[in-house]
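Just below sit the structures, each encoded as structure tokens.
Below are two complexes that have chain A in common, paired first with chain B and then with chain C.
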Partner chain A sequence: MNDKKQTLLALICLLPAILFLGVFMVYPMIDVFTYSLEEGYNFASQSYFGIGKYNYSYVLHDPYFIRALKNTFFIVLITVPLSTIIALIISLALSSVPKLKELFQTIYFLPYVTNTLAVGLVFMILFRKTAYTDGMINVLINAFGGESIDFIDGPYAAKMFVMCLYTIWVVLPFKILILTSALASVDPIYYKAAQIDATPRWRVFTRITLPMISPMVFYLVITGFIGAFKAYSDEVALFGTDLNAAGMNTIVGYIYDMLYGNSGGYPSYASAAAIILFAIVLTITVINLLVSRKTVFYR
Partner chain B sequence: MSDNDNLVQIEKKDKANRVLSDILRYLLLIFWAIIVLFPFYWMIITSFKSYSSYNSEFVPRLVVTSPTLQNYVSAFTEVPLGRYLLNTLIFTAITTILMLVIIILSAFAFSRLDFPGKNLVFGLFLSLMMIPNELVIITNYVTITNLHMRNSFPGLILPSVMAVFYIYLLKENFEQIPDELYKAAKVDGTSDLRYLWRVMIPISKPTIITIIILKVIECWNSYVWPRLITDNSAYFLVSNGIQEIRENGFGRDNIPAMMAAVVAISLPLIILFLIFRRKIMDGVARGGTKG
Partner chain C sequence: MKIILENLTKKFPNRNKKEKSEVIAVNNFSFEIEDGKLLGLLGPSGCGKSTVLNLISGLEKPTSGRIFFGDDDVTNLPPENREVGLVFQNYALYPHLTVRENIRFPLENLRGNRKLTKDQMEQKVLEAARLVQIESLLDRKPSEMSGGQQQRVAIARALVKKPRVLLLDEPLSNLDARLRLQTREELKRIQLETGITTIFVTHDQEEAMSICDSIVVMKDGSIMQHGAPQDVYDSPENLFVAKFLGSPQINVFEGQIKDGFVYIEKDRVIELKDITSFDKKQGAPDGNVFVAVRPEGFITVSDPGDDPIILRCSFDKMEVMGRDTSIICHNPAAGSAVIRAIIPSEDRPVIMGSEVCFKLKPSKVHVFYTE
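Here is the complex of A and B:
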């Protein structure tokens, strides 16, 4: 077959992908920057007053955005380190119980395949305090002699606690899966060498295991940061769609609220907020990459 | 004390240590397994409790004394749960099939065909993986609204189809097929597309199945886009459906009925997971991200 015919066939094969990517990814990517600079954009007439950075300044001065920013940073700073450490501990424990490993792995993976909104509803009911019942978790707290707390409508710290707990519950399956396979791929010859030298366990962990799996730990930290900055549906699952009222909105939630719903109709503000989010995530990822150069052990 | 006694003692101590750490390890594993399983257990037992017995329990009981199927009946009759499930099924099926056709054709072009600028185009494709969904969703929302495709299946499906990563995954797989097969097919006069259909796709079946499963999970659980683009409950998917049920569903806070709906929504994916456990976990380890 000649080259021309093959080029034509390739073009035909790639055409649907190029169309879809062009319309729903490349064009929107450029367009979002335009939107973010159009001041006073009106959704109905699709007109705007001028070009400038007013949208950014509006978003950065909006108390709801500041609140969302604060919540998001809390979620990131609490859940990323905690979930990584818990996943590491569980994976280490898993790797030394060969018999029941499969069973435990299967159980631990379940949250990955469940609908966040659906299970979030279960969490909400377990933690909620109503007139009829204090809820399952409060019954447990009472059993240990504590006071009942309303985790869903109560104090900020309590809400943040459930939020982080649920986030960790949701993200752990992925992390455990990645870390168990990383641990399984460490060449046993290193452990044997350490055994001959009677190396203490802690030293084996810090000098062999951790360096060997550090690329994967680092991968989880990066994806963890990115994922946590985009927290949104877990919040909706626990606190309902009106996150501003609950005081639990996140940056992504702010973007969608600006776009749609009762407070919606402002794609310019939404775009500005989205670009701010993107800038934050990019900065953090670059910092992470720089840190990893110094700490991660690559073969 | 003789050396021998000493040795026995050391061995004893060592064994005790090992048993202790084993116990701690199992306790930790069981503890986390309970945390993972409890919400599932709770929703299942609650879905079998009657409304009155649930509400009479100030301290929730962890067993069902007189199980009832009434909640499942309510879930499918009082709220359009069947409609939500059907919508999600249609959405998932069409999105996955469309995506499959597109990624198979693209991966075929990148792996089997030669054309000028191939590496450049592939590089551009890969660079699109870095674009976060939040950035493009705003314009997509405006586009779909302007096309009057809100509250319609095309509006739901079209922006959800693309997945650059799967093109990459499949291309890598296609490239592992030995060239000899292609040459042999050429000698027999097989056309390129026929070769794709009869040789490449059957050989790459495991990867394709993994991709299908991952996409199905993604579609089944998608929430943000459907929420933006539908406000007519006739087009709700399960995620929006459950949110709708929670906010103005059964009235009077009928939690057992809500739990029946939650079970009905969660069950399909859990069954899928239990059947394809290994495939799903391998697939996610290779290419999934969440959190």
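Here is the complex of A and C:
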């Protein structure tokens, strides 16, 4: 009797969340999945010819999608590890200067509370070539005797470089925040014990610090992967809305373009691309979880 | 190896920055421990015991004073070069490493000509584990062990690199009463087997008395007395030491010395020259004193008759606890609400009326002049 009551109570408490998730997450996902299978869907008449995997085959053969896929993977593979490592180095440096730590922490956190587009604007000033100036970075390059490079409209490598730099810059503050608090939560007694045992600094880091903050590092890697796979607004901030033309589109950008872009109006293709993205993120996350079983230490 | 502390002082800046004053955690500390001995550092909470250990291990730098290990002055040596083993109060085992990895950790740090091969390390780990009897637990994580087992791992980790000095900071405080008793005996055995000079911090006087070769009683950062446990117990140099050692606590009365006798209230309780611990060189000027009597220092007298030397107290109750019997009574001159006298149960008196009379054993009475 009591058990039943408890179950009922639990259900009632969960109801709002279940309803909310159902309406805004589960239903749309099922919807997207069905859209992605409906061939020749017509937006105006809301009708379709048949069911099959043509939408997937179209998307996977679309050169714009392949470009977007490559870009996304490139951004993910470069920025996630690099930003995590840089954040770790900065956090370690921060926690070893107790005096100005709070000031530095605030400074490093500023980009996080700054609007992406505002940060984009600053990057424009740094990197964009205009009729009047080649941008501050080019001025610097020139000063060291190099040729000006067009970072925004120029070669792919230059654009990708700016893109990754920008992405890292934007995600860094949050990671630093998480990692500094993770580092601060390690009981200093372990460092004392290690010191008594004459442990070299590098070994203290790899054998004590890193395992102790590994859950947080893992959290950052997982959310970092997911976030980077969903990259879109950062690209728009740097290269404008016509990302296909700039050759800098991402998967989410491709999905958006398929829905609302100039060449848009194809919800079936967009849905297929979205499902592909979902499958990729799911796979990566599962791999992450499997790897973490062996490497992450939970108390 | 002999350890000598010379006028060691440690001051901490006050945590409350508005106050300029400093906290003196250790005050002009000097003592010497002979090679291979076990020293107990004893005192109430906050008296600076851990700070002394931290100074010896090098985790804290002294404000002034010197520390010697044998003939080496190690005062300015960083902790990693002092070769001490330290067992922390909460063990500080690395929670993500197994017992084996924990014990091996210090060995993996050895460099140069002391560097060990994998096999040698395993050998030493097993040796240390055998010493503390945890061979069967080597593959567990610290969280999967009892407090007593964790403590043994911590000791093994401290011993495995053969430290010159072993420091133990209240290592038994997390254990239950029975395990405490058992582990302290084990500690003593390990210390004897290894012959490593050991300092053992505790605020439990019984613990210190039972296993230490000598004890240092401290209060507010200063040494109150240093000596063999029994000597310190038998002849405390001041009221603090007398009160701190012994359980149940010593009974303290306000009294006077007059004409070579000790008085409590109107009672003449003992002749001064009989008291073994009394420093006869001082002479015995008349004056106000504290008279401290160990619970086992009372002899009940059923019928005092007109004996001129007797202590009279008001009887409250009697607690029979097998071998011993406690007589609980009170006296207006006593510093505490009750006086507890412990006598063998077979000597239990028949108490008539509300008064109980005692003779005092001279070796169990200590008098200290009030300042």
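FYI, the second predicted complex is superposed on the first by the 274 of 299 C-alpha atoms of A that agree within 3 Å, B and C clash if a C-alpha of one lies under 4 Å from a C-alpha of the other, contacts with A are read in each partner's own complex, and residues count from 1 in each chain.
Basically, a contact is a pair of C-beta atoms (placed from the backbone, for glycine too) under 8 Å apart; a residue touches a chain by one contact, two chains touch by 3 or more.
Computed from a prediction, not measured in an experiment: that's the story for all the values here.
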* Following the overlay on chain A, give me a clash-or-fit verdict for chain B and chain C. => fit
* Asked: So, A:T295: does it touch chain B (first), chain C (second), both, or neither?
  -> neither
* To do: Classify the contacts of A:V170 with the two partner chains as first (chain B alone), second (chain C alone), both, or neither.
  => first
* Looking at chain A, which partner touches more of its residues: chain C or chain B? -> B
* Asked: After lining up the shared chain so the two structures overlap, which partner does A:I107 touch, if you call chain B first and chain C second: first, second, both or neither?
  -> first
* To do: With the two complexes superposed on chain A, say which partner A:L117 touches: chain B (first), chain C (second), both, or neither.
  => first
* Asked: Is A:S57 contacted by the first partner chain B, the second partner chain C, both or neither?
  -> neither
* For the overlaid structures, how many degrees, to the nearest 10, lie between chain B and chain C at the C-alpha centre of chain A? -> 80
* Quick one: smallest Cα-Cα gap between chain B and chain C in the superposed arrangement, Å? -> 8
* To do: Identify the overlap between the chain B-contacting and the chain C-contacting residues of chain A.
  => none
* Tell me, which parts of chain C touch chain A in their complex? -> 57, 59, 79-81, 84-86, 88, 90, 92, 94-97, 105-106, 108-110, 143, 157, 161
* In the complex, go through chain A and note every residue touching chain B. => 1, 3, 6-7, 9-11, 13-14, 16-17, 20-21, 23-29, 31-32, 35, 43, 83, 86, 89-90, 93-94, 96-97, 100, 104-119, 121-123, 125-126, 130, 132-136, 139, 167, 169-175, 177-178, 181, 223-224, 226-228, 230, 232-233, 236, 240-241, 252, 255-256, 259-260, 267, 270-271, 274-275, 277-278, 281
* Name, in rising order, each residue of chain A that touches chain C in their complex. => 187, 189-190, 192-200, 203, 207-208, 211-212, 297, 299
* Footprint of chain A on chain B - complex, ascending -> 25-26, 28-29, 32-33, 35-37, 39-40, 42-43, 55, 57-60, 101-103, 105-106, 108-109, 113-116, 118, 121, 125, 128, 131-143, 158-159, 161-162, 164, 167, 192-193, 217, 220-221, 223-224, 227-228, 238-239, 242-243, 246-247, 253, 255, 258-259, 261-262, 265-266, 269-270, 272-273, 277, 280-281, 284-285, 288-291
